[in-house]
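Each in structure tokens, the structures are laid out below.
Look for chain A in each of the two complexes below; its partner is chain B in the first and chain C in the second.
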Partner chain A sequence: MAAVLGISAYYHDAAAALVVDGRVVAAMQEERFSRIKNDAALPIRAARACLRVAGLGAGDLDAIVYYENPFAKLERVLTWLLRNFPRSYGQFPRAIAEQLGSKLWVLDGIAEGVGAPRAKVRPSDHHECHAASAFFTSPFEKAAVLTVDGVGECATTTIWKGEGSALTALGHIDFPHSLGLLYGALTAYLGFEVNEGEYKVMGLAAFGAPRFRDEFAKLLTLRDDGSFELGLPYFAYDTGSNVGFSAKMERLLGPRRPVGRAWDLDSDASDRRFADIAATLQAVTEDALLALAREARRRTGAEALCLAGGVALNAVANARLLREAGFARVSVHPAAGDAGGALGAAILGSIALGDPRPSALTSAALGEEIDVAAADSLARALGLDPVRISDPAATAAEHLLRGEIVAVCQGRFEWGPRALGQRSLLALPGDPKVRERLNRVIKRREPFRPFAPAVPADRAAEWFEEAPSDLTAFMTTVCPVRPSARARLGAVTHVDGSARVQTVTGSSAPFLDGVLAAVGKGADLPVVLNTSLNGPGEPIVAAATDALGFFVGYPVDAMLVGDLLLVRDRKRESES
Partner chain B sequence: MAAARTAEGAGIAYVLATLTAPIAFATRARTARQLFAFALAEHESMLELRAAAARSPSPERCALYLRHALDEERHATAFARHSAEIRRALGLPAYGQPRTECESLYERLGERSFLAFVHRGEHRGRAQFDAYVAFFARRGEAKLRALFTALIEDERRHESYTRALLVEHAGGEREARRVLATMALWEAFRRWRRVGSGLARLVYGASMFVLYLALFPFALALRVLRPERSIRGGWES
Partner chain C sequence: MNRFISRLRTVGALVVYFTRRERMFLAPLLLVLLLASLLLLLTGGLGYVAPFVYSLF
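Moving on, here comes the complex of A and B:
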């Protein structure tokens, strides 16, 4: 019986996770505390919060596992720099500063930050941690496990066989050949921020046609065995470029899209071309993932597939894997990116100390509980007028049925990039004007980005094809909206007729389940639009101060923090 | 009104801002860069105040820090938007959203010194903005003048509440002045370390250049002794 803390840090979206006696007790991203989106810093605040949730101190930990091996990573970086001499000159000073400045000493940094003996801190393998996060939290006893991301120590893609409490490595593809880096480079080419704008590319793809297949054949070669090779001259991993693509890619696809230019897909021919490039990238990525999944099935003979790594957050590709890869079931970890590596590391450490693998994850509410009393005091100090109510779900539904946008903070915040009903903005799903209002005054996102619906799992099939599935609980897939339902679900139906559905049960998100039931009674359609509770460029709300800050800063109609109701007093606001 | 503001804002920050404004805003491209630098500063300040709001034991002070943080966020957005507009007019891509680190000053300094730090920053900011209002008025740039004018009122309010809180927290005017003086020394030392860090970066760059050249034989040896395994992609086992 052991308490093991897992840590991921220093690349993207740092996180900490705690497994006690084989049970996943807490898992949180550092960004929720630092309020820096995708914060990569050592997640000491998240680690302390995990310990607080469990009621443990640093001295109670049996092990701390870091999600990759810093020495193996240093070797890969140095080898790459030397192999690309002298082109790597621009990259050399920065890479050495990063590696020798902090990354190499990360195990000492963790010991010092958490307050545990250095001897208890040990490294693990990046992709093994991803694989562990996916398989050991899945409902499967046996599965093929596929991890696909930018790069770990050296590997970018791995296949594993998961059986019981064991993971067996079956093969890997190494840097620089990486689907994650391909997607990242094209994300930058399309004018979005790498490691942040990939969702936008996925949404944009639905507006285009994949007519650049010939050009992309030069960027990515797929082989019959599921492996692939990047056309390296089109990329710029060896020059220290911030964007990841070379001038040759711009000669192939045309000039890149300027950062920050407003999108006009209706009348701007160049924007339509960029949408076609996004569509081709998406199609090529799906083809590559499909080939990898089929190879994983051939090698393992398994009926189920588990996915992790940043590329596994591509919900559109996941839907295609479920349909076409030949697996009966597919599961994606809710924090499939680097954050999830922290949980994988903790689980590996726990199993190594003799504990059983955790039970399947049914809820992503693994963060800290919202402090309703603190929210109450702060609301009063802000001059707001909070009211305690007896039935928060019914009250939320009442406001929603009036066509209002309602912010909710209930219980523990979510693990991973999706708001699943604990820190969400809710609205009715029917009116596209709601989507437009949400985008214009709160989210300020590109107009092509879709919003997601939440629906009770047992009634999802009435409105969505291919739902429910193992993927829909954590919003890691898209489902076709039934043609008969599209008119009633206008605010959550994407231009291609799909929706990134979240199926809800009483155990996965009890509050949201209650809201759906109450909305269903009032509107005969138990579906709500559910989007994350954050402003543009901000991490999702975590604590009471974040929640109240959001309410004061953005014009939502009402907010529910536990049983505390705040209603926007527009008359008073206009007078002041 | 402008004259009164100028008189109020007189001080080293005002004079420096007046002297450097023609350089900082010499061209449209520089103006865009300078405005984005302000966006970064406001964003960083927002993060510090958010952290303070999350840690302050008093709901009243938490509320003040939170409202201040929201103002800083609004300022950051305004600066970034103006910067992007100028860059786009020049045919250049925008710098994107401001992203900065947080020094966790509330945690490191404690509430009293944190208040002194914020107060001094707001005082300096207001003096600078006063100077820029006058500068853009002279240059006839109504839009940028309006931008800074709109922010000055916020800066004045922030300056005032942090001073009042500091006096309250310090238990009197005399102790508040002492904390402010200590903070001035701390900031001077911080500036000195930043200059040192800039120099260290130059030295580091030069030494890395020498080291990189010295690695040439190893680069050759690597190509001979360890040929690229995965240059063609494909599965490894």
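Moving on, here comes the complex of A and C:
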């Protein structure tokens, strides 16, 4: 019986997770507290919040597990610098700053920040933590486990066999050969921010055709056994370059796209070319993942596949894995990126201390509860006239059925990058004008980016093919929208006829389940558009202050914080 | 004092790790980097280190 805190930090998406007596009690990303998107700083606020949820203090912890081994990382960095000297000369200052400035001392920093003895803090293995987060929170007793990301200590891709409470390593591919780094380099080439713009590349891919296959064959060599190699001259990991690709890649694919230029896919030929490059990247990534998954199946003989690592957030590729890799079931951890490593670390620590593996994750609501009383007093102080209501789900549905955009904050916030009904913006799914308003006025993002639908799990098959599945609960796949339903689901159907469906049950998201039931009664279509409750460049809302700040800053029509209703008074706003 | 002991523990663990992995040939480079980092810290030079597209290190 143990309380184990898991920590991921210092690369991107720092997070803390707490497992007590083999039960996942809390898991939160630091960005929700610091309000810095993808914050990589030591997640001390998130760790304290996890302890608050459990009613524990730092002294009650039996172990703290960091999600990777800083010494192994340093070994890889030093050997890489040596191997590539003198080309790597320009990287020395960076290596010094990042490794010796803070990362080497991360275990000390965690002990000091959390207030626990240093002896209780120990490192783990990056990809084993990813694998643990995927397998030990899945519903499977036996599964193949595939982890794919940028780079951990040294590995970029690993295959495991998961059985009961054990993970057995079966194979790995090491840095610099990495699908995550390939996707990251092309994300930068296309003018997006790495570790943030990969979703945009995936959405953009649907607008292009994969006509650059020959060029990409030089960037990535795929083998039949699932292994792969990057064409290293096209990348810039051995020099001091500020981007991940070399001049040779620009000679191969053409000049990079300028950062921040507005997209015009209708009339700009160069933007259509960039969309084709995105489409080719997506196709090649899917091919590589498919080969890896087939190899994992061959090595394990398992009927189920678990995925984690940043590349596992590629919902389009996940859909293809479910369809074509030969597995009966596929599951992806809701926080598949580095944040999820914190939960994997905590689970590995818990199992090492003799506790059972956790039960399957059915809800991603692992954050802190919204403080409705604090929201009430803040709203009154701001003169927003909050009203307490008896049935928040029915009230949300009433506003939605009027064509309004409704912000909701209900219960504990979500674990991972997806808003799943606890901190969401909701709207009806039929009108593309709603998508335009959301994209341009509230989210202020590229017009080609799609929105996701939420639908009751037991009725999903009426409108979406391949739903429900293990992937749809956490919005980690896309499903074809049935052709007959596309006209009614215009705001959530992507240009390729797909949608990133979330299937909802009373246990996964009770409030959203209630909203869907009420909307279904009023509109005969229990589907809503569900997108994250955040403005451009902001982390998703966590606390009451963030929620009220959002309501004041963005033109949503109504907000529900628990049973507290705020309605936008447009008349008063226009008078003032 | 606790902080100092904690850092010593980390240095000890690092030496044990490198010894077990037969990577002690990296020790001179590590030493040079440690000294250089100390110099950079003392001169405030770390602020001039450029960001990278992906956290390889």
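Assume the second predicted complex is superposed on the first by the 576 of 576 C-alpha atoms of A that agree within 3 Å, B and C clash if a C-alpha of one lies under 4 Å from a C-alpha of the other, contacts with A are read in each partner's own complex, and residues count from 1 in each chain.
Just so it is clear, a residue touches a chain if its C-beta (ideal position, glycine included) is under 8 Å from a C-beta of that chain, and two chains touch if they have at least 3 such contacts.
From a predicted model like this one, the values you see are computed outputs, not experimental measurements.
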Chain B versus chain C as contact partner of A:A352, first or second or both or neither: neither
Partner chain in contact with A:A58 - chain B first, chain C second, else both or neither: neither
First, second, both or neither for A:E98, with chain B first and chain C second: second
Which superposed partner A:Y237 touches (first chain B, second chain C, both, neither): second
Chain B versus chain C as contact partner of A:G150, first or second or both or neither: second
Touched partner set for A:F228, first chain B, second chain C, both or neither: first
First, second, both or neither for A:L82, with chain B first and chain C second: both
Partner chain in contact with A:I389 - chain B first, chain C second, else both or neither: neither
First (chain B), second (chain C), both or neither touched by A:I36: first
Overlap of the chain B and chain C footprints on chain A, listed as residue numbers: 79, 82, 92-93, 96-97, 175
Contacting residues of chain C [partner chain A, same complex]: 3, 5-7, 9-10, 13-14, 17-18, 21, 23, 26, 29-30, 33-34, 36-37, 40-41, 45-46, 48-57
In the complex with chain C, residue positions of chain A that touch it: 10-12, 40, 69, 71-75, 77-79, 81-82, 91-101, 103-105, 107-108, 111-112, 118, 150-151, 175, 181, 184-185, 188, 194-195, 237, 240-244
Sites on chain B touched by chain A in the complex: 47, 50-51, 53-54, 59-60, 62-63, 66-67, 69-70, 73, 84, 87-88, 92-97, 99-102, 204-205, 208-209, 211-212, 215-216, 218-219, 222-223, 226, 228-237
For the chain A and chain B complex, residues of the former touching the latter: 33-37, 41, 79, 82-83, 85-86, 89, 92-93, 96-97, 170-177, 191, 193, 221, 223, 225-230, 232, 258-261, 374, 377-378, 380-383, 536-537, 543, 545-546, 548-549, 552-553
